[in-house]
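In what comes next, chain A is part of two complexes: it sits with chain B in the first one and with chain C in the second one.
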Partner chain A sequence: MSMIDVKELKAYYTTEKYGRIYRVRAVDGVSFQVHKNEIYGIAGESGCGKSTLLKAISGLIKPPLEILEGEVIYNFDDQSLNILSLQEDKQRRKVRGIRLSHIPQGSMSVLNPVRRIRKSFQDLIDAHLKLENRTHLNDMNMVKKHLDALGLEWNVMHSFPHQLSGGMRQRITIALATILKPDIIFADEPTTALDVVVQRGVVQLIKKIKKEQQNTLIMVTHDLAIHANLCDRLAIMYAGKIVEEADVNLLFNQPKHPYTQMLLDSLPKLGDKSTRTSAPGTPPSLINVPPGCRFHPRCPEATERCRREIPELVEVEKGHRVACFLEEGSK
Partner chain B sequence: MNTKLKKTKPTNIGVEEAKLLTVENVTKVFTKGQGLAKSKIAAVNNVSFSMELDQPEIFTLAGESGSGKSTMAKLILGFEMPTSGRIRYKGERIAKLKGKLEFMRDMQPVFQNPFETFNPLKKIDTYLYETAKNFRMAEAEQPQLVEKSLELVGLSLAEVKDKYPSEMSGGQLQRTSIARALITNPSLLITDEPVSMIDASLRMSIINLFKRLKEEQGVSIIYITHDLATAYYVSDRIAIMLRGQIVEMGSVEKVLDKPLHPYTQLLKASIPTPDPAHKWVSDIALSDLETKEFARVGCKFSGRCPKVQTICKEREPENYMVDGRSVKCHLYK
Partner chain C sequence: MVFKKYFIPRFIQYLTVLFIGITLVFIIPRLLPSDPVEHQLNRMTAQGQYLDPAAVEEMRETLQELYGLKGGLLEQYLIYWKRLFTGNLGPSFTQFPTPVIQLIKISLPWTAGLLLVSLLLSWLIGTVLGGIKVSFPNSIVAKIIEFFAMGIRPIPYYIMALVLLILFAFVFPVFPMTGGYSMGAEIGFNLKFILDLLRHAFLPIMSMVVLEIGGWFIQMRNVASNVIEEDYVVYAEALGLPKIKIIFRYIMRNAIIPQITGLALNLGFIFGGALITEIVFSYPGIGTLLYSAILAGDYNLIMGVNIFSIVGVSTAMLIIDLIYPLLDPRVRYQ
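== the complex of A and B ==
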């Protein structure tokens, strides 16, 4: 059974300006399933709705973000629940931290600058664990054990965030997000803005946690090379929709959607100086999305049908879903 | 353009005349804190390299954050003055050229974040006209200059006219930023992480633009980046920087295909390959605190080098010429 089941999810940002309502269609009819113990990657350019998708499925819904349709069902070992139907403060809180956890983007700004790192750990534990049978000493032992397992030094606990390097802060943030051994981890661009060497260290750390705690991971980043390294399955998003989803090996070796092909073609590689081109045009604004297939203005193989009809995400072979009329025709 | 510079001040150094840019033993020390907490950091430490005048090239300065690559750019542009050592541009010292129109016309910067480069309340095309005006380009030619430089970067005047920065994508803004730099017809562009803020699908168009500018316009480019994959694709020579020092420098194929310095080897191994068949398997050592590495005597990399010897912690290695490149490592003595 799948761990997370997302059905026809629509999440829009709604704003009002001069009496007119603007809808940013950041997530527009997205369905996918995440299996237990897998790393599911979501890739796409900035402004394609990947972070919003993550927010929506982890239940972090605050205005102007609105869920219009769809459901997100979690199947834990002992219960299954629809996160969108839970009440914000009481019920969602119970799930967060213990069941779900979130590694945020930008480690520079997530740690409280006026609290020492150990206080941040204490705050997190206080907020999520019940008070019975808990002492400060036990908590700190738990933190210590966790840090040992991740190969981080205890000394950093007494520092303030500004005393640490960017890579260290990111690793602390990851440690903080995983200390309560959550079933599902959402990682939003955890390696962006880090140096290559540190980035590799962070990927290393995420792999280690995954191996030890046996959790399910959803990884969002625009860096396809990181996805190739870390993920089991990968979904490519374009303008609020998933355009292709497959096993990582399949997707990199036999990309079907023209957008995926373009993305992969544009990546430069070491040891290869042949000319790389990038897709013509720019990604559309999500306020005025093009009719039909959203990629058609940039697609070299667009037909009349692509301008009118919206292609569905259909399975073309086992475990490989593509939203393109070209694939439908070839089947 | 070249003759213009020479006319203003005749050069008397015969050897230097043939170089576009020479950086000789440049060191820049920043002081941090006050009183007892005062500490010094050599952000650029004894760096030397040069670029030829008559053969345009793309020279990459690569390294992690805190390696001093952006400080190097500021030193070359004359925004900062070196603590010791000298930088010459076409035979003239930067300290003398600083602030002179002819010099600023000839060397132009392109910055990292196109969303921050432009004032959000100002229309994009005013930047282009203002640059033409401020650099006293002939008034009658100004509109043509603007159009020509926009054409070079693959934009048209209609696309930028009366537009605010918020109406354009990051790729278009960065192109405009490059077009602005090209108005004065410079011989050297200093680009500091020009593609790190640009979307993956548009990134290569900017990189290809640099390649074209070099080949068609004869513009030399200093490309500062942490992204070795694009550096390999676009540049001719590369210098790998670590904590203010250049540890390996040579042609990009040599340095990145077969890195000799252990740090370059680590960097290369850390670039993720967009291919699921090549996943990382082994673990790597991560750096100590930045300040510790800056203050280290001997080789700055000795703290996490897998091939460390006792001499590495005691004496700073010299630059050795191995296989057509310079390597700063005791292993190649």
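== the complex of A and C ==
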């Protein structure tokens, strides 16, 4: 059974300006499943709705973000939860941090600047573990063990966040996010704003945790190299929709959607010295999305049908789903 | 090491500010066109008494010495400092020969008590209300708080004071109209006198608290509504920390830093007096003292009050500087 089951999720940002309501259709009818123990990657350009999708499936919904329709079901070992139907304060809060955890984007500022790091760990443990048969010393031993396992120094626990380097802060944040052995980890651009050496460290750290704790991981980044390195399956998002989803090797070797092909064509390859090209044009505004296939204004192979009808995400071969009429025709 | 790097430079800065401030207090009255010695002599001759010119000359010299106006500027300046260090601010001109320090000593406890209590009360209430408003922005309580805080704040202070006075001392005579304590009351540390004191102080304090709450509320609300968008608050939500903990340890704890700076700065101002309050409620205090000193050209008294003010404000600044690292670890060791 799948661990996460997302069905027809629509998450819009609603704003009102001069009496007119604007809807930013950041996530517009997305369905996918994530299996237990896998690393599921979501890739796409800036502003394609990746981060919003993460917020929506982890139940972090605050105005102006609204969920219009859809379901997000978690199948934990002992129970199934539909996170969108839970109450924010009583139930969702209890799930976040212990069953679902976040490795955030821009860990530069995610730790409370006036609290020592060990206090942040203590806060998280206090929030989720029952107070009985638990002492401060035990808690700190648990933290110490976890840090040892991740190869981090215990000394940093006594520091304030501003006293650490960016890479260190990111690693500490990862340690914080995983201390309670969550079933599912959402990683939202965990390597952005880090240099490649630190990026490598972070990727290895995530791999290590995943191996030890056997969690399910959803990885969101625009960096295809990270995806290739880390993920089992990969979904490509474009303008609020998933346009292609497949096993990571399959996707890199046989991309079917024109957008995916363009993305991969823009990457440098060993031994290939020809000039790389990028997709023409810019991504569409999510307030006024183009009718039909959202990619058609930039697609070299767009037909009349693409301008009118919206292609469904269909399985063209086992485990490979594509939303394009070209594929539908060839089947 | 920290002491050397952090404390000493700030202490030197403190002394420098004091020195410059006190020197300015010395210079500025001497730039005024009126001469207090002539003023005093004129008052004497205006009474129609015949004075021998030689006696006038002698009296002028005595007065100049008393007022610290004898000799050249430099000489006066050195004497001024010498007097300061012995706690002697000279005699008051208008209430001659009462020393200035004694006048201030009488007025200061009234002013300090009044302003300290109203400042602390308004700060505390305004800060807490601001925090509530930001933590529960859509609750009815928050909306009511905001409506009143924003609605009352623009009322000019003297109108507020007069309205309170008329309402609660005249229409409904719950509180006394004037004074710091009942006339003829026995001054002493006993329950009766303290209650009497509180009853007299209630309206003046209320008039200030009601208006100042708005200012503290708005500052707290603005800072906290920025803090609430910070990544560490969003992340604390994402980790499912309890709401109460997020409000106190994450939002309020960070938003209170500028509030405390504001409080400390305002603590320094309590030596300047609250003139309008003192006039409207006929309350004893530094404000009235300073006001009448300015009207009468009483240099020594003006200088005395100002020196207290300068010492008050700069000591408050020094204290903020020293406690700031405890509040915000990011300024530690800098």
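We adopt the following convention: the second predicted complex is superposed on the first by the 327 of 331 C-alpha atoms of A that agree within 3 Å, B and C clash if a C-alpha of one lies under 4 Å from a C-alpha of the other, contacts with A are read in each partner's own complex, and residues count from 1 in each chain.
In this section, a residue touches a chain if its C-beta (ideal position, glycine included) is under 8 Å from a C-beta of that chain, and two chains touch if they have at least 3 such contacts.
Please read these numbers as outputs of a predicted model, since none were measured by experiment.
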item	value
Superposition on chain A - do chain B and chain C clash or fit	fit
Which of chain B and chain C A:D123 touches, first, second, both or neither	second
First (chain B), second (chain C), both or neither touched by A:V198	first
Partner chain in contact with A:E212 - chain B first, chain C second, else both or neither	neither
Partner chain in contact with A:K94 - chain B first, chain C second, else both or neither	second
Which superposed partner A:P113 touches (first chain B, second chain C, both, neither)	second
Per-residue contact with chain A, leading partner among chain C and chain B	B
Touching partner for A:E301 - first (chain B), second (chain C), both, neither	neither
Which superposed partner A:E69 touches (first chain B, second chain C, both, neither)	neither
Smallest separation in angstrom, by C-alpha atoms, between chain B and chain C in the superposition	6
Of chain C, residues touching chain A in the complex	230-232, 234-243, 245, 249-250, 253-254, 257, 327-330
Residues on chain A engaged by chain B in the complex (per definition of touch)	45-46, 165-167, 195-201, 203-204, 222-226, 228-229, 248-249, 252, 262-264, 266-273, 275-279, 282-283
Contacting residues of chain B [partner chain A, same complex]	64-65, 169-172, 199-205, 207-208, 226-230, 232-233, 256-257, 266-280, 283-284, 286-287, 289-290
Complex interface listing, chain A residues touching chain C	58, 60, 89, 92-98, 101-102, 104, 106, 108-115, 123-124, 126-128, 160, 162, 176-177
